[in-house]
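Next up: some structures, all given as structure tokens.
In the two complexes that follow, chain A is the common piece, with chain B as its partner first and chain C second.
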Partner chain A sequence: MNTILIQILGALATILLAFIVGMFYGGAHRKVIARIQNRVGPPIYQNFIDVLKLYSKETSINHGVMQHMGPVFAITASITSLMFVPILTDGNWFSNLNFSGDLVFLVYMMVFGSLGMALGAGQTGNPNSAIGVTRGLSQMVGYEIPFVMAMVALMTQFHTTSITGMIAVQQQSGTWLMFSNPFAFMAAIMAMLGMFSYAPFDIVTAPAEVSSGPISEFGGKYLGMMMTSGSIFAFVKLALFVDIFMGGASNLVVLVIKTFALYMIPVLYGVISPRYRTEQAITYFWKWPLFFGFIAILYAAF
Partner chain B sequence: MYNDKNAQTIVDYIQNFTRKNSLFMLAYGTGCGAIELPATLTSRYDAERLGVRGAATPRQADLLLITGYLSTKTLKRVIRVYEQMQDPKYVIGFGSCTINGGMYWDSYNTIKLLDKYIPVDVYINGCMPRPESVISGFQELKRLIAAGKADGAKKYKENLEWYRENQKKVLKNWPLVEYNW
Partner chain C sequence: MNSLILLLILMFGGALFAFILNKFVPALRDIFVVLLMLGVSYLFFSTGISNRLNFDVLGIHMQWGFTSASYLFGIIVVVLGSLALIYSTAYMKGKDRLGYFYMNFLFSIGAMLGILMSRDLISLFFFWEIMTWSSYFIVIYSGNDVDRRGLKYMIFSAIGAYSMLMAIVIVNSFIGSFLLEDVFASIFAIGSGYQIAIAILLMIGFGVKSAMMPLHVWAPRAYSESPMSYTAVFSGALSKMGVFGFALVLFNLVSTQNWLINEVVAWLAAITSVLATFYAVIQSDAKKLLAYSSIAQIGYIIIGLASNTYLGVMAGLFLAVLHAVFKSTLFMAVGAVERQVGTTDMTKISGLIRRMPWTFVATLISIIALAGLPPLGGFVGKWMLYEALITSGHYYLVIMVFLSSTAAFLYSYRILFGMFLGQEEPEFAHVKEAPLSMLIPMLILSGISVLSGSHPGFILEPIQSAMASFGFQSNLPHESWWELTVLFNTWGDKVALVNVLTSIVGVFLIALAFITIKGYKNQRYVTTKDISSSGEIIQPEDNMTFQIDFYKPFERAIWPLLKRKIDDYYTDFGKGLEALFDFVRRFYNGNGQFYAIYVMAFLALLLIAGTKYFGF
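Presenting the complex of A and B:
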């Protein structure tokens, strides 16, 4: 009974932690962009104000059932994949379901939110949504391949598909996997640039081209739900990368430092880059990241 | 104090605080005024530090900025866009053209007073208003929101017949459905 209570409270605490950290990282993203453009920028808690306002807006649009379900799918997928990622290497509070889900399941689960959102956006009937969805799915085909190749390389090299198993490998050998298999790390980091959809890969929600793409018909509470889901999912991706490549984190301070350092890679790469076209983005992923993925598999095999 | 119907409750206070500090702006660049907005939003004047941010579509926007004159043809689109926005929503009339027609005061094809067609919360006068005045207009709107007085959308719903009558006077062959929110 007591363990079940701790698990439920721990799950709630994990969601809250992911939401707060993701929101602050979003604020830091806006602040970094502003400082590089020599502006003052919004306060770092600006995203909390935005989300609160969006949740307090009225919504009186109805395009059908899937339009209401799309944001729900997105937030469900974010929270589900959050539950399967080990947040801390030890301690009871944040060990949600990470013993029962492996890397293959997680790679599958991380796509689910985008697919749900694509269904929701498809029902709104807005042509910009349709273009945004096709762009998003094409980009997903681009970055999923090097990402999966990097993961397969790690799985074959260390003979485990479990994330906790990979953390255990790193704790035993004493070196992080980003040094044990650097090519897999490079392929995965380049795939992560696409996963975050920041510039130059923000072709899905390009406001000037497709007027924010899939979310163009979603305002108010739906937009708030998507912002919530996006910040939780950003934390999921960062925590996953920290677990796999950087040896996990033993407490929250280390976790925040490591995830923030990792988060700055797509942010800083983005602020100095203009937007790619769709085919440029896909060919980007199918050149060097794919090459590094092949090298990583060869490195793991021999 | 407890029996005052107009007093703000704590929920109103929090809602108004978030609403005034997070304005998603849809800039409807009808006239020459649109050229002042890049300067307002980018490095020099940086409206984002005040919480003002561009929105891509009417569904996501809180604030409709009408920059400059409106011909009767663009008025149709503005009404459509305004009615697609979700409550609470605000309108800023930007430049002299939205107040009295400005330099188009005797034109056969532009409207003279925007407030007759959609409810305007704040006017920014000038031809052109510089980015400083645009930012002061944002601050004035924030003051109205904090006091709970930016209720243009409520006025529009209550006096819909009056606004429709005015709109139909200038728009022959009424192209829209009666209300398309």
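Presenting the complex of A and C:
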């Protein structure tokens, strides 16, 4: 009984942590963009205000059941993925379901949300939503391949497919995997640019082209839930990269430093880049990232 | 009487009787075929695998009986056959020549059972031909445009049949027996070159039916243009006969020294699955999309079999069972839409979700299984396949599989969006849900997809005994792991399916409750014309549907790969032959005087040559 209670509390603490960190990072993102564009920008806690406002709103219309369930799919995927990603390398509080799944599972679990969300966006009937979804799915085919190549390279190099196994490898050898297989790291980082969908890969929500794309028919609580899910998911991706390439984190401060450093890569790359066309965004990932992934597997296998 | 003979007599006799019954009492035909199939299913399940029947025909010794491996495929055949026939009673209602249709339907199911129970090459070939012909007759059932849709299928089937026959003759000339067990026992004694030749010839035969590249060009048309109730069996069960044959060849006729064959087959299958997936993405007809997707999915199955590892073969067979389940559901759902709306062209239909909700549910579940997303069975198969390939060192092959299954998300979404989501147009306001006898088979099959995700043991157990009959021994860390709900690979990494399911369902329900409890009652439904449109007011007659050129940007990105179709090469080959024949026709121009000149010229030549070289 006691262990179950601790597990539930641990899960709640993890979700809360992911939510807060993700929200602050979102605020930091807005701030960074503003400063580079020589504006003051919103305060760093602006996203909290936004999400609180959205949750307190009353939603009065929908286009059907699938639209109602779309944000629920999204948050289900974010939280479930969060449960399987190790947050800290030691301590019991954040080890939710870390030992019940491996990387291949997580790659699939991370797709689940966007597909569920896509169903909801599809039912709204807004052509911009559907265009956004097709762009997003096409881009996913682009970045998933170098990412998976990097993962396969690491799996074959260290003979484990689980994240905890990768952390253990790094703790034993004392080197981060980003140095053990630098090519895999490069391929994965370039894939991460696509995963975060910031400029130049913001083709899904492209405001001036498809008026926010999939989310254009979602307001109020729906939008609030999607913002929550997005923040948690951003944290999941960062924590996963920290676990795999940067040796995990032993306490929360180290975690925040590492994830923030990692987070700045897509943010700073994006802030100076204009937007790609969809086919450019796909083929971007099939050039250098694919090459690095190819080399990474060769490096790992021989 | 031996129950094996009874099974075949019931099947083939029943098929003929259905044809005659349709002539005299058409009202009883539907009930008869369904009851017959259910009876045959009962007989099949009570037969078991120990039953063997030996007899001699024209001095050739033959043997019939199921092994655990063929029994596994037999389960697919009878379950799918029964459900597809139940579905068919409503789907085919009002169409003509139903006697012809049901006769060939039952013939092909009977032939499949015959293939599975053959323990010698002669009866295997015999039933294989019956299967080919009966499926050919259904492909051309609608009667129009016969040579274009049927000819390709027939030509490729003939190529497959001849190469199979050649392989059988070579085998017999070396071994002197047609029995499979004799062949398996002494195949490795003959020369390595002949071994490879036999394997390749047989694989051409089986590859045609399983639509493996480059022998797949018949499949898109044949799958999409036969009636959907039959395509459910065609793609679900009949293509699995090719997979069964591949398994026999790869496990029993190829020795481990010839590992290159396995690699080549796996890579061909991988290329098949990637290219077929890309073609599926750019289709705009739901049937064609599913047809290409079938080709791609059978690619995965054959990769699994050719990987020759315990986990990989298990993944291949699991995906074979599951593909039969979800793909036939999808073909049935598309058939339901076709029957209720009149077309499957996704540029024409949209927004059926509120008209046909149960068909949507069945489609959604099957699509999740197809895409391989976690809580359903497709994930189990995909996971095992990936882990098998990674742990056995097929690094680049696994990337191909990943590419193909990520691109599969595109067409998965396309088919859901194209038929059920999007703008709800007024012209579809009258559409009604499909009748119950079509819905029930779909929902039963969807239920199997759901159950196989959290408790795959009930499929893995027969697979495990099938693998034992192929001669595989488990090398996984947990001997009895198929009883569990935890998947392991050979490195000991695992996925606990029940934890996954609990987490997904738990979070989903909590979040759904959170968003529903407060205020959902006060929400009202608004039509899909009432959308954010930057200030413009959309009128009900405005067409806001986005369906044409759905994945155009993706198409542009992959264009270099799609520029040249394999079909074109065959067409070029055909054109080349035609040109050759045209050239020959210049000499054989049907004019008697020219022939007289040829004879004279030949005689003159003979005379000159004769005096010069032979001296007479």
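Here is the rule we use: the second predicted complex is superposed on the first by the 302 of 302 C-alpha atoms of A that agree within 3 Å, B and C clash if a C-alpha of one lies under 4 Å from a C-alpha of the other, contacts with A are read in each partner's own complex, and residues count from 1 in each chain.
Assume a residue touches a chain if its C-beta (ideal position, glycine included) is under 8 Å from a C-beta of that chain, and two chains touch if they have at least 3 such contacts.
Since the structure is predicted, the reported quantities are computational estimates derived from the model, not experimental observations.
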item	value
Three-chain arrangement built on chain A, chain B and chain C clash or fit	fit
Cα-centre angle that chain B and chain C span when viewed from chain A, reported as a multiple of 10 degrees	110
Touching partner for A:Val40 - first (chain B), second (chain C), both, neither	first
Of chain B and chain C, the chain that contacts the larger number of chain A residues	C
Contacts of A:Thr59 with chain B and chain C, given as first, second, both or neither	both
Which of chain B and chain C A:Leu223 touches, first, second, both or neither	first
Touching partner for A:His68 - first (chain B), second (chain C), both, neither	second
First (chain B), second (chain C), both or neither touched by A:Ser211	both
Contacts of A:Arg30 with chain B and chain C, given as first, second, both or neither	first
Chain B versus chain C as contact partner of A:Met140, first or second or both or neither	second
First (chain B), second (chain C), both or neither touched by A:Ile49	first
Minimum C-alpha spacing, chains overlaid - chain B and chain C, in Å	5
Contacts on chain A seen with chain B and repeated with chain C across the two complexes	58-61, 211, 216-217
Chain A residues touching chain C - in the complex, by the definition given at the top	58-64, 66, 68-69, 71-73, 75-76, 79-80, 83, 97, 100-102, 104-105, 108-109, 111-112, 115, 118-119, 122-127, 130-131, 133-135, 137-138, 140-142, 144-145, 148-149, 152-153, 155-156, 159-162, 165, 211, 216-217, 221-222, 225, 277-279, 282-283, 286, 293, 297, 300-301
Chain A partner contacts - residues on chain B that touch it in the complex	14-15, 17-19, 21-22, 42-43, 46, 48-49, 51, 53-54, 56-62, 85-88, 181
In the complex with chain A, residue positions of chain C that touch it	351, 353-354, 364, 371-374, 379, 382-383, 386-387, 390-391, 393, 395-396, 398-399, 402-403, 406-407, 409-410, 412-413, 416-417, 421-424, 489, 491, 493-496, 499-500, 503-504, 507-508, 511-512, 514-516, 519-520, 522-534, 544-546, 550-551, 553-554, 556-557
Of all residues in chain A, those that touch chain B in their complex	30, 34, 37-43, 46, 49-50, 52-53, 56-61, 128, 207, 211-212, 215-220, 223
